[in-house]
Each structure stands twice: as C-alpha cells, then as structure tokens.
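Structures are listed in the sections that come next.
What follows is subunit A paired twice: with subunit B in the first complex and subunit C in the second.
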Partner chain A sequence: MITETTAKTATQNACRLCNPLGACLAFKGIEKCVPFLHGSQGCATYIRRYLISHYKEPIDIASSNFNEETAVFGGSHNLKLGLKNVTQQYKPDVIGIATTCLSETIGDDVQMILREYEAAFGSDGPMPEMIFASTPSYQGSHIDGFHAAVRSAVKTLAEGGAEKHLVNIFPGMISPADIRYLKEIFTDFGLPFVLLPDYSQTLDGGPWAEYHRIPKGGTPRNAIASTGSAAASIEFGSTLEASKSAAGYLEERFGVPRLDMAMPIGIRETDRFFEIMEKLTEKPAPEKYLDERRRLVDAYADGHKYVFGKKAIVYGEEDLVISIASFLDEIGIVPVLCASGGKSGLMRNKLGELIPDMEEKGIKVRHGVDFVDIENETAVLQPDLLIGNSKGFTMSKKSRLPLLRIGFPIHDRFGGQRLHHLGYRGTQELFDRIVNTIIEQRQNASPIGYTYM
Partner chain B sequence: MEAKSIYQDPAVIKQELIDKYPSKVAKKRSKSIVINDPETIPEVQANVRTVPGIITQRGCSYAGCKGVVLGPTRDIVNITHGPIGCSFYSWLTRRNQTRPESPEHENFITYCFSTDMQEENVVFGGEKKLKVAIQEAYDLFHPKAIAIFSTCPVGLIGDDVHAAAREMKEKLGDCNVFGFSCEGYRGVSQSAGHHIANNGVFKHMVGRNSKPAEGKFKINLLGEYNIGGDAFEIERIFEKCGLTLVASFSGNSTVGQIENAHVADLNVILCHRSINYMGDMMETKYGIPWMKVNFVGAESSAKSLRKIAEYFDDAELKARIEAVIAEEMPKVKAVIEDIRPRTEGKTAMLFVGGSRAHHYQDLFSELGMTTIAAGYEFAHRDDYEGRQVLPGIKIDADSKNIEELKVTADPELYNPRKTEAEIEELKAKGLEMNGYEGMMKQMQRKSLVIDDVSHYESEKLIEIYKPDIFCAGIKEKYVVQKMGVPLKQLHSYDYGGPYTGFEGAVNFYKDIDRMVNNPVWKLIKAPWEQAETDPLEASYVTQ
Partner chain C sequence: MKEEIRILEGREKQVYEKKSGNTEIDIACDTTSLSGSVSQRACVFCGSRVVLYPVADAIHIVHGPIGCAAYTWDIRGAVSSGPELHRLSFSSDLGEMDVIYGGEKKLYRSLIELIDQYKPNAAFVYSTCIIGLIGDDIDAVCRKVEKEKGIPVMPVHSEGFKGTKKDGYKAACTALMKLIGTGSTEGISKYSINILGEFNLAGEAWIIREYYEKMGIQVVATMTGDGRIDAIRRSHGASLNVVQCSGSMTTLAKEMEEKYGIPFIRVSYFGFEDMSKSLYDVAQYFGEKEEIMEKAKVIVREEIQRYYPEMQKFKKALTGKKAAIYVGGAFKTFSLIKALRTIGMSVVLAGSQTGNKDDYNRLKEMCDEGTVIVDDSNPVELSKFILEKEADLLIGGVKERPIAFKLGVGFCDHNHERKIPLAGFIGMYNFAKEVYESVMSPVWQFAPRKGGLQ
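After this line comes the complex of A and B, so read on.
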C-alpha cells in the first residue's frame, strides 16, 4: 500500500514553499508596512522574485544581510541597523519582521533585540510598530508563515474594550480578487469589518500618480487594534488550528468568538458562509448574491454533462485543496487525488467532514508529498485534468493532461492575482474554466472538432 | 561624446541620490556612485556588502553557484542541502533551457532535489539525510554526476558536505559526486557563489576526459548561460563558421563536455564576472589562453568572430567567417533601418548583472540609443574599470573567505597554445587576450556609473532622467513600469530572446521598438507629467 505521505527521504520537486515567504505576503497586507527578513539577503531576493513573478507588482522586502561574521556572532547589530535604515527611508507605520533558517539556527532572540532597539531609539520620536513572526524554513511551509504573521499582527496590536459593531475576517492566503470580493460582500451586507491581511491593493494596484515608498492599501494599524473588540471573527481554513490562528488568539485573549470554516468554494460551503453573514447581521443576503447563486446553479445545470464523472488531481496548500475537492465533488468531478506538501496531518479528517463518503468515491488523500509522488499517481489514476499552481506544468506536459491554474504561484500565466476562487462568483469562474478546459481538450483531440455547442 | 546635456550636472544628481541617507550610508554609497570619464576612469567602489535595510537587487552565494553556474548543465543532478525554500526558488528558471540530443537523453533540469531539512536535521545534523538523498537520486537516474549545494544552516551546524560527497562517490563507483560550500551568507552577493562554483567545477570536472575533440578550431564558450536560448544562436553561428564548441560553461552543456574542456585551444569569455576564474585557472594548468568576447549585439558578434579568426590566424577560417558575416548582416541592417528612426536619440539605463549592463549597451547603440546611466548588481571593480586595477583591489573580509585555488601547470596536460610573444602580438592587434577593459571605457563622459544601485536610487534616477527604457530584472520591473517607463528584463528577457548573435540582435531591436514606442505608455501618467500637465490641480494642492 502506498503510504499516505511520501516513501522518499529527500524531496524532489517540492509541492510547498518556505515559511518566511508566507509571512512576507501577509505583511504586505498591512497598511504602510515593510516586510523585513532577518537572515541572508538571498532569502529576501528569492522571495521578492517569487512573489513578484506571481503578483506582478513591486514588492520590497528588507533584509539584515548576514555575513559570515554575523552568522557566527549573531545578527543583533545588523537587525538594528537594518530597522533604522528602513525606518529612515520608508517612514513605515509597521515593520513586519520574520526570521529565516539562518537566524533561527543560530538562535537569535529577536524579541530581545527588538526591546533593546526600542530602548535605544524609542526617544528619537515615533517609531514604527514592530510585528515579529518566527518562521524557520525548516518547519512547516509558507502557509504556516502566513498564519504566524497574521496571528502575530493581532497579538501585537489588538486591544480589548467594549464590543464594537464589527466583525473580523481572516480569509487566509487568497487572491487579491478574492479579497476585493469579500470586502464587497461585507459592504453590501452593511457589516463593518476588519479584513486581515488585505493585500488586494498593495499587490494589485494601479499606476502611481505620485511617488510613494510603500504602495497604498492594506489593513490599517488602528483597524488591527480594534480586532480585539469585534463581535466575532470569521476564519477560513480547514486545517488551521485555533492555537496557530489570529481568530484563535482573539478568542482566547479577548473572548471574540471564532467562527471557523473551510474556504467557501462551491455552493454548499458558500451557503454556509452566507448563513454566517445573515446570522451576524440578522439580515437576508442582498439580492445581488442570490442572483449570483442562481446563475451558478443554472450554470451547474447547463454544464453538468461535460464535467460529470471526470477525474481530477488537486494539489497545493491543504486548505485550498480541501475546498476545491469539496466543490469538485459537488459538481460530480471525482478528485481522485488530493495532494499537498503540507504536513498538518489533518487533511484526511477535514476533507472527510466535507465529503463523508470519500472512501467509497475513491478519493485519495496524500500529505507531505512532492510532485514526483503526484506524478507517479497520475500514471495510475489517469485523471482528466490537474488543478493547482504553475508548478504542475512539467507534470502536465509529460502526462499530456490539461492544467487548470489556481492559487499560488502562477508565474507562467498572466493575471493570477485577479483570479477568483471564493464565493458564488469565484465558484462560477472556476466552474466556467473547468468546463472550458474539458471542452477544449475534447475539441483539440477530435479529428474534426466542433465549433458550437 | 558627452551624455545628453539636457540633464542637470551629474554631480548635483549624485548629491540628490544620497541626500536621504543617514550620513554613514551616504558616505558609503557616494563611493559607488561615480561620474564617468572614459579617459581617466575613476575608481568605483564595488563588491562591498550591502547595508542592512537598504533593499538591493543582489542575491546570494547559493544563487550564484547553483542557479547560475551549475544550473544549466542538463545531466548533473543538483541536490540542495537545506530547508525547502532555496531549492524551490532556484527551480527551473529561465536560465535553464537546454537541448538534449534526443528525448531519451538525460535532462534533469526540470527536477528540483532538496534534502528538505527539518528541525531534527538542524539539531542533530543532516549528513545522514544528505547521503540518503544522494543514494535516492542515484537509484532513480544513475546520473554521471551529482552536485550538492549547501544553504545557510549547513555551514552553521557543521555538516561536512565534502566528506559526504567523497564517501558517496566511492560507494557509488560510477557517479562523480561533489559538494559546494555556497552558504548564502558567504561573500557579498551571488558573485561569491560564481567563484565557489568555478573552483568546484575546475577541481571535480575539468580534465577528467582527455579524448581529443574533432575539428580544427576548438573553443570553449565561458560565461554563457543560455538565457532565452542565447546559446542556441551562438552554437548556430559557430557551426556555420566551422568553429568546434568543445564545452560551454554552462549554457546547454553536459557533464561530458565540461570534463573534456581542456582539449580546446581557446577559451572565449562572455560574462567576465562569473567565469574569469575558470579562464585563468585553465590557462595556468593547461596553457589555454582566454579572450574576452561579446556576442550581444550584431556588430559586437561580428567583431568577436573576427577576433577568434585572428587568434587562430587561419586564412580559410577568416574567409569563412567573413562570408558568414556578409550573409547575416544584411538581414540585421534591414531591421535596423526600419526601426532606428523610431529609436534614435532615445535613452536607456541598465542596472543588471555582472556583464549585461556592459554588453547590452552595444545593442542600444546599434539602435541609436544612448546609455545615460549603468551599473552592475554584483560585479567587481575590474568589470567597471578593467583588469589592470586587479593588483590594487583590497581584499576585504568578505572576499577573503572565498577560497583561491592554488593552480599549477599540469605535468602531463600543460601545453601552451600560444607563446608569450604570440599573445603580445595578438594584444597589439586589439584582441583582449587574458584581459578585459571593463564597462566604463565604452561609456560616455558624464554618464553615471552606479554599483549595486538601491531600490530608492533607481526610482530617483528615473524621476530625474526620465529614461525611455530601463533595463534590470523582475524585482525592479513593476516599480519602474508603475512610473510609466518600460522595463526590459535582462535576466530572463520577459520570455523573449534569444538576444545574442545576429538573429538575437534582430529580436532585441524589435522588442525594444515595441516597448519604447508602445501606445500603452500614453495611458499612464508618470508622476512628473502630473505636475507638468495639470498645473491647476497642483496649485490646489499647494494652497
């Protein structure tokens, strides 16, 4: 029997990225924040390059530029100097500091260094807020870094107080388009909210009519402060445990109820999300969204014959894979393999909650795997399509299977940051793309082809 | 000729660039920002560590070693020893095009092997896991060679990748296993990694196979990494000219080629920065002279081919090369004639690489465009000022830690291809034998030369000069374009290329034409245009 995880010791063609990348991405969703990596400059450069190739926006990440001496004697001096220079150049409200495997290996006590820094320079005038996330790349993956940074942001800034008419939304690692859609939903419900992190503008904005060191947008510092007095927090992510999440912290510290759910993809899960919204506002969903839902149901009906019974392999971050699989199940596509490089150990159970009969349907779950493992499964499972990020391209080319690009990173196509995945609108977009992928495959494979349906 | 005089005094501009910095940083940066004079060539501070918190274009030693130098060789299995990020980020980038002889031939470039270190490996050591990883890679592919690349934590926890490599090489028998201590904190940029890679390739690969190569004019191509298929165009030209390419370091190369490289009679160097060590070491050990060439630019390519012919001093070769140039050039000229009226007089800035900021100036001048400011990302003083400054370069703490191999003439294989007198004669004919004049000699007076330009400085430069095109990498691309200036990626070519040779030059001219004359820029108001075209609004702002 193939193990649920991998049989190999080394990793070939990884299906996950490293911890600090996720933290940098989350920090980009805080207003006037500069992400700062404590380690070698190469980490900042690689991560910038990688994020930029997906978002196609400027992304500045500072670094403490370790050299051999720093690596031996500790990074305190470099970190302080770096913070000072970033403060002077960018005048940020916030500096988001994440560690790397280098600073974690030598055991730098970043929090102590930050206290020293504040003691030394605090009297020079207002100082940016320092948010620190420990993100050693030899643990977990980019998604852990993402959540660590979000949790750290609320831990640093959230204040308690009398309950406000306000709901927190921690959507996890979603696209800027998804973020905009969520904000639209909250606005249309008339429900005041704090969405963290909000990189919808910083990572997908317009040309600059004026010079600015830090792009506009992001969750403001004082908005994060108010998360502690919100009426509730909604948090997406099936495998995200309260002990590691922002909403979990707020519940524990300030008693803000945590309403956690899977990422709302597909009609059923989106209905769940809208039910929560209706409950929180004591109002029915705006007609606009009922319309979106009706159009989606209509599309399901019109497209069912093209997709029903098809088989797909889904890979990527665990939470995204789980929600996509649940949506595929809803439209009659069998997610024959749900794979992730993530290792939360919760994937099977969480997917089972959404698809109780997954065993009978022949849905396989594998975690902690790489693309070689997935590729080997492809040969056996013979799916009709692959769904995941750009890194599946080689596999798709070799196996001649169409690849539907979702999530992150999408660096071999244009507009990855503008793809929708969530809610009725995101599901509609995904459904249309899936149907068209299958039709295109058939059309191209047919000796004659057909030109209208 | 002077850089366009419509600009302010470059000394004023320089002051403006460093004004915002704390005084210590300003002092340091002012040594790296230099006003050029091709006659006297002022000193440029280069290859010094970037100040923490100043956002740089530079990468790390690992990137230079694994990504740049070793990455493009298709039949080595490269294993990154460390946590997952580093191998993921260096996986299958644009440098890694290759053309195996057939689909059955080995090509591991699409793979990304990592020991994927976990916390327990950092605490208890990762050598055991590394050895298992080598064994797994071997069992899977039976490759000719496996290379191991150390990332930051490896050096700190004391893993001996070289001992692990030796042990596995012995155990496997028919696989050449070797390691690189290219931890990201070594040196000041990817340049350190190039040097470490040169040393390793020289020690562990070159000279292993002395089978004579066929052909009369045998050369190695050094410092060409096949970005956008550049190597394919150079190979096409070499073949047409009757030049035998023994080995490429390392675009579109194989292990077998590199092991056999010492049978060539000339090393031609494109990227001086990343591979000059190899040229020097092969000269000392095997007696193969090296010569600086440039295949970026049609005229430059023709010139480089003529230099190669001059080196071999063979009438037949000279005639054949002239025939090739005569055949290729008219196509190039026709395109220039069409495009040049639209590009003439426009300005460019290049801040990229360790040789690209120099080489690409040739292509721009072929289009009638002026380079008003340029600089490298990770070069040294010799790449700016010329190799004559080498003896005077101070070795700082960062460079001292990079091993200098002690190379001597090989008792059996040393065979000087040219006598010293012959070399001098070639130099007198204008060939850059074992030498490089650097970038500044070619640049105009009063143009700006800036090493390791910071994010902040590049934005400031754009504001002041308003260039028609800015050349850098993807990290700079979107910030420059936000200001309404097109950015040409010269690391990965925005999926364009090749840009070498004659066909490459044509590709480049067309791409530049499309970029600088593109209608979309009319839709974007640059910050400075805002102020000029909308004085009314501006007056409200200042009320």
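After this line comes the complex of A and C, so read on.
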C-alpha cells in the first residue's frame, strides 16, 4: 500500500503551519532568549497571535520588518538594527533568529550578517548569543522549524569534553505539562539531565508583580553547552531523522549516543522509555511510576468495553499521530485514518514498526493532506471520534463527530498547555478523556437519561 | 528588582504624554515599524485580508506559502446570514519548486478547481511577500480565470513587506472598486445608504442595519460586514456612504465620491454618544424627510431607557477606575474614551497601530492631563505605562490580553475576534458589562500587584 496524499491543487483548511512558527516555539524554550524572525512584520505578529491563543502567555517575537528597499537591497541593515534594538530592549542572553520565505528567497546570508554584526558591536561588551535556524516557509511545516531551531541551538552552543554524568532529552513539540512530567521522571530517577527546549515555565508561568522583559524559565545557555559531553541523548520523534535532529548532531560531532524512539504514549511505548531510563541509571523505575502504570492497567480493564472496536481518525503532526495511533491500537480502538499535513514520507513505515499488522487492521495513512481531505474521509470511514488539535472542529461539527482535543493548537478550549500526553500519566489522562467522550456520546444519544453509564 | 524601562531610540517621537507645558504634539506616525521593536502590527496582507474577509459569498485564496492562509483561517468573528465561504482557508501553498519556477500555473489550477467546487460569486486573490519577489503576474491569471469562469476574480496586491497595514486597506479598496458600479441600481430609494467599515463581528452590522431600516432608510450594501458580491456591485446606487473604521474604508468612500458623486460621513457605533450621533447625522443628511429624524429620536430614547438602569450599576462600581487603550485604528479610541467616561472611568493610555497626525491631535484634545498617547507601540512599552499609570483595565486584542492578565489587570477584547457585539446601544451595554466583569473580578486579589503572593 502506498501512502496516499492529496489530489487537490489548492490547500483547503491546512492541517499544518509554517516553518518559522516551530522555530519560534523552540526558541521560547531557551532561557533568556528572544525569538527573532527575519522577514515581514506580519509573520511575527501572526505567529505571536497564533501561539498566544493557545498558551495564554505574553509571547514576544521580534521582526526585522522588511520593506520594499530591504527586499531589493537585502536585509542586512534591518537585521542588524533589529538585533541592536532587541538587545537594548530585552537584554537577552540569546537571540534565536529564524528566516522566512522572504529573506530566504532574496538569499540573505544571515550567518555572514551575524559575523559582521559581532565584528561591529562585539567590543561594546558582552553580546547575546545568536542562534540561527534556516526556516523557509515554503518548505516542510512547523515541526521542521522546531527541530531546526533545536539542532541549531546545540550546534551553536554545545561543547565537547570529558563525559559527564548527564543525559540529554530532546522531547520534540510537547505540552508544558508534558515537559514538567519528563523533568519529574528524570529527577525521581536521580539522573542529571538537560531538556531542550524547556518552555514549561516561559509558556505556562505564574503572575508578575513587575514587568518581565523575558519570562522566567527555559534551558540555560550553559546547560545547552554541556549537551556535547553528555553520556547519551534520548530523542522522541518517529519521523525525525538523525541528520535533522539535535541528538543526531551531537552523535556525529561529539559521539554522544543517540537513543531515538517514538513519543512515549501508551503503555508499550512508555515501557520502552522507562527501560531506557533503567538502563541509563542502572536502577529500577521508582515505585511511583510503577504505581502509575498499575493504575493505568487497571483503568484499561475498567474501561475496555467502552472503547473496543471503536474507530478513530487521528490527525496532526506526524510523530504525534504515530504515537497516538499506537496507543489507540493497544486499547482496541482502530485508528482508521492517520493523517498529517506533514510530508516526511516516513509516516507509514514508522507506524508499521509500532503496529506490524496495521494493514490487516484496516489502518490507513495519508500525508500532505488538509482538513477537507480528512473531512471527506470521515464520510467514507464513518469513525466514532476524531482525535487531534482544535482545528478539526469545523469538520467535527459538520460530520457530528466528537472531537478529542490534543496537541497544538487548542484555540477553542481552556488549558491546552496543561494537557498531558506522554508517559503513564499522560496516557491515563488521554484514556480517561477518550472513555468519557464515548460515554457522554452514548448518554446524550439515549432518550432514557441513564444516570449510571 | 525594579528597573526603568526606556523607550527605544528611534521611537521617542511616537510617544507623548499630555502635561501642562507639553502642549506641542508632533507624533511621528504613518511610518513602518522599527526593526526589532516587536510591533503589535501585522502587515499589508493583514490589512487587505481583514477588510475583505467578511465578503461571505466569495472565495478568498492566498497566493503564497502556507503560513499566511493558515494563520488567517476563520480568524474573525465576522458572521454571515447566508453563505460562509469566507470561513474557509484556501492557499496555493507554494513549495520550493514553485518559488523557483513560478506559481502562476498552480494559482490558475487552484482557482479553477476551487470555483468548480464551491461555485462562489467572485474570488479574491491575495498576493503575499514572495509573489512580490518571484514576479507572478496574478493580474493576468485573474483575467484568464474571470473570462473562463464568468465571475469577477480580483487580484489584491497585498505583498506583506510593501508598506504597512494601511496599504493593505488601500489594496482591498482597489479590489472593491473593481466590483462597484457593475450591478443594477434598480429599486434603490433616494433615502439609501451604504454601511462601510462595519465588519459584522458578532452580528454588529445587523444591529446597525436594523436601526437605519427602522428610520426608513434603505441599506444597499454593508460592503464588508456580512458582505455580498451583488450588493457591492450595486452599491454605487446609494445616496450616502456612512463610514466607520475610517482607517480602512475612507479611501473607498473618497473614490466612490469622486467616481459616483456619493458623499460620505464618518461615524462610530461605539458608546451611546457616538451611536446616537451616527443615527442623527444620517437623519440630518436626509433632512427633507422629517420623519427620519423623528424615528431616530425614538430609537435613541427607547434604547437608552432600556439600558440606563443597568448602566448605573456598572458606573457605580467602576467610577474612578483607570483604563489603557491600545487598538488598531485611532478612530475607535475616540469612541472608547467617551464610552469609558459614561461608566465613570478615565483613560491613562491611548494608543493605536495605525493612527495619523490628525487622529493624535484629536486624541490630545480629548484626553485628560497625564494621559500617554502612543503610536505603533510594543509589549514592553505597554507594560511600562500600564504599571506606571496603575491601570485597572486594558482594552486591546489577542496579543495585548496576556500582558494585562500577567500584570493582574482586567481586559476587554475590542478586536476582531470578539464574540459579543460591542456596537450599537446594546453593544455599549455589553461593553460596560464586560469591563465590569473583568475589572471587578475577585480573582485579582491573588495578583501580586494587588497584594497576592508572588
């Protein structure tokens, strides 16, 4: 079976976002870092608006604010002026610079401009570190920008040296709640770690008494420097290739072993993650997590009859879709369609590694699709529920199918930044929500008004 | 640690504080944003997209890479009484090869397929940044498709970097002018108007339309609020253009005046005072028919009577509270200052993304001593003034909201995402209620600035 893509020319209701958005999000996970887009003012503003509507936090993204002259003569002047102004106004440790379709197309050599800038202003005192990621919007999607920014952060800052008792964790694009949970696991294992990017506080933090130019939190610059001497890197993301990833770079450059795996969602994948943790620490998993696992297995038993044989359509970023599908498979829900706007070309094979009998089970994979393609599938596949970000609401309303909101963005519900997806805890939360969605559907559909379901 | 926040070099002239002895106001405005300043503005494309967005029986296709279409999908609360094509997001989704070899063919195929699939009454084609570089001739593509499909296909030259949001408004007006004058004006009364610059957010245009119709005035086109192609095409038959949101639609009104001899008046539908004036001004224009004015008076009396008692409750609670305003167009700030005064509140900061010199002069006249006036501000400045002036409320949009909430300040969304109508008499009531509910919420007791734990 070949992975199907779309037959339409125009994209209608896109199931992906553009490259620079992912880079900005990743840069928000570096301590005292200001994301900076080299392009038109609109890119920064639209992306801020989009992120703010999910995270409900101030998200400042600077722009070099191209005008007609810039487009003709190059963005060097604007970029330098912008960096100077951001340095003055935000006093950052790091500026994370990402390109856009505009600056990429005119062919600005950003790295050269940065060298010139450093040569011109370097003697004026300490300068923020400049991390640069190439993120043309006409290539890939937001997830590529995310990984490009993380890779460029380690590329810029990581240093080699004698191996430290330290493990890197590159979890990919997950929720602030997921990040906090991962940190808790590492802490409970007693394993020193560097998690990058850590936007658990910058994008889900407390109130302010005074104005903060840059919100607290994020992976510190010196922690990123130490990733080059870590004992290993754990990296989540089924379709993330070593040549594009942070862990891949560290392995190639400093020989830090890359342990890559799918996002740990569901018992099977989470077990795999805990096995890695046990191997790295040579210690058994803390009892707390075994308890979480026991409760989850127990919940699976309590809820199995509600979910068995149900059909779901899962959509979103490829890596998230793959791991959610694997989880659904282990509880007896058939992910009849796994769809993504992304186009790595790897989705089908990677899903096949987690669900070897996917074809017999009737699991279909489509990449490079939009919401109109997915909506057309709902008519054919007749699923019981939809699982994905809140942009599926339009089709959920039209096809009268319940929508379980996960991932990013969640613009039409509250608390998207606090949803768990990963590990036993995240799986528990997902399982409870899925069972309840089905129960609610049944309860509402019955005229009797059952008070026990 | 408390540190002083300074205004960026190059922006000093865009900030003004009204003080005795500081009478000269010469705000630098109408310029592109300073690089690296984290402006709250968007781009040319945004200006065009927001204006044309509510035309509901047309397809809107964004020619460029995916981002511009994705971020503007169903972005506005502009509702339609019929077709809802405007709520779909269409993009030619240019990839690397298209950028190298040109995107005209892809645009052409996209248009043909979309028109066949959705059968719209027209199509708007927005060019984004990259089109301005690769030189796609979108005019030619539009002409070709128009010919083949027999519906108007309008190019909108909205390359993001070619100016500011205001230039996007102009590009949108140019596209509308192509439509205006192409329909029949049969059956249009002498007592007729077009409503310009009202986007039907949460059904606001319907509220306004109903007032005018009750006065015996025919509304020919609401243009860009619950907009329809046929109504726009015959809008040159109206006797008067009534323009709100002057920033975006004055250009169109002027062009219609020039070409079709239709005069225009500027109005605002926010607050009792300005709302009433909007009805009276139109009635006065049609002064020869006295009953129009009589009916306007009845509407104003009845509506204000209806909401007055509740308003007093809000006023009692809110008197003495301070507000900061930062919105897109300066014209809106005038109405908001008056509306806030109605409920006992003063304004300590007034700013806009796109105001001009006249706007800021007028703001200065209206504001109290000590009020700060800003053009094209940014989060750092806004926070500085909110803290220094001890504001209790911020009025703005999505990007301003988290600043207020982080600092323990109430917030009223007066941008295009709102779901509650704030125009009309009922809109003023809704506005006061929303302000009351945010400012008076007990949750602020936990905010560090109000004595809560840090």
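The rule we apply is simple: the second predicted complex is superposed on the first by the 449 of 453 C-alpha atoms of A that agree within 3 Å, B and C clash if a C-alpha of one lies under 4 Å from a C-alpha of the other, contacts with A are read in each partner's own complex, and residues count from 1 in each chain.
In this section, a residue touches a chain if its C-beta (ideal position, glycine included) is under 8 Å from a C-beta of that chain, and two chains touch if they have at least 3 such contacts.
None of these values were measured; they are calculated from a predicted model.
After alignment on the shared subunit A, the placement of subunit B and subunit C results in a clash. Of the two partner chains placed around the shared chain by superposition, neither subunit B nor subunit C is touched by A:Gln441. Shared-chain residue A:Thr281: touches no atom of subunit B or subunit C. After overlaying the two complexes on the shared chain, residue contacts for A:Arg16 are found with subunit B and with subunit C alike. Once chain A of one complex is fitted onto chain A of the other, the partner contacts of A:Asn85 extend to both subunit B and subunit C.
Common to the subunit B and subunit C contact sets on subunit A are residues 8-14, 16-21, 36, 39-50, 52-53, 56-68, 70-71, 78-79, 81-86, 88-89, 100-102, 105-106, 136-139, 141, 207-211, 213, 391, 394.
Put simply, subunit A touches subunit B in their complex at residues 8-14, 16-21, 36, 39-50, 52-53, 56-71, 78-79, 81-86, 88-89, 100-102, 105-106, 136-139, 141, 207-211, 213, 341, 391, 394. Of all residues in subunit B, only 20-22, 25, 49-63, 79, 82-92, 110-119, 121-122, 129, 132-133, 136-137, 140, 151-153, 155-157, 183-186, 188-190, 397-398, 401, 455-456, 459, 463, 473-475, 477-479, 481-484, 524-525, 527, 530 touch subunit A in the complex they form. Chain contact summary for the complex, subunit A toward subunit C: residues 8-14, 16-21, 36, 39-50, 52-53, 56-68, 70-71, 78-79, 81-86, 88-90, 100-102, 105-106, 136-139, 141, 206-213, 391, 394. Those residues of subunit C whose C-beta lies close enough to touch subunit A in the complex are 1-2, 5, 8-10, 32-46, 61, 64-74, 87-96, 98-99, 106, 109-111, 113-114, 128-130, 132-134, 160-163, 378-380, 383-384, 387, 398-399, 401-403, 405-408, 446-449, 452, 454.
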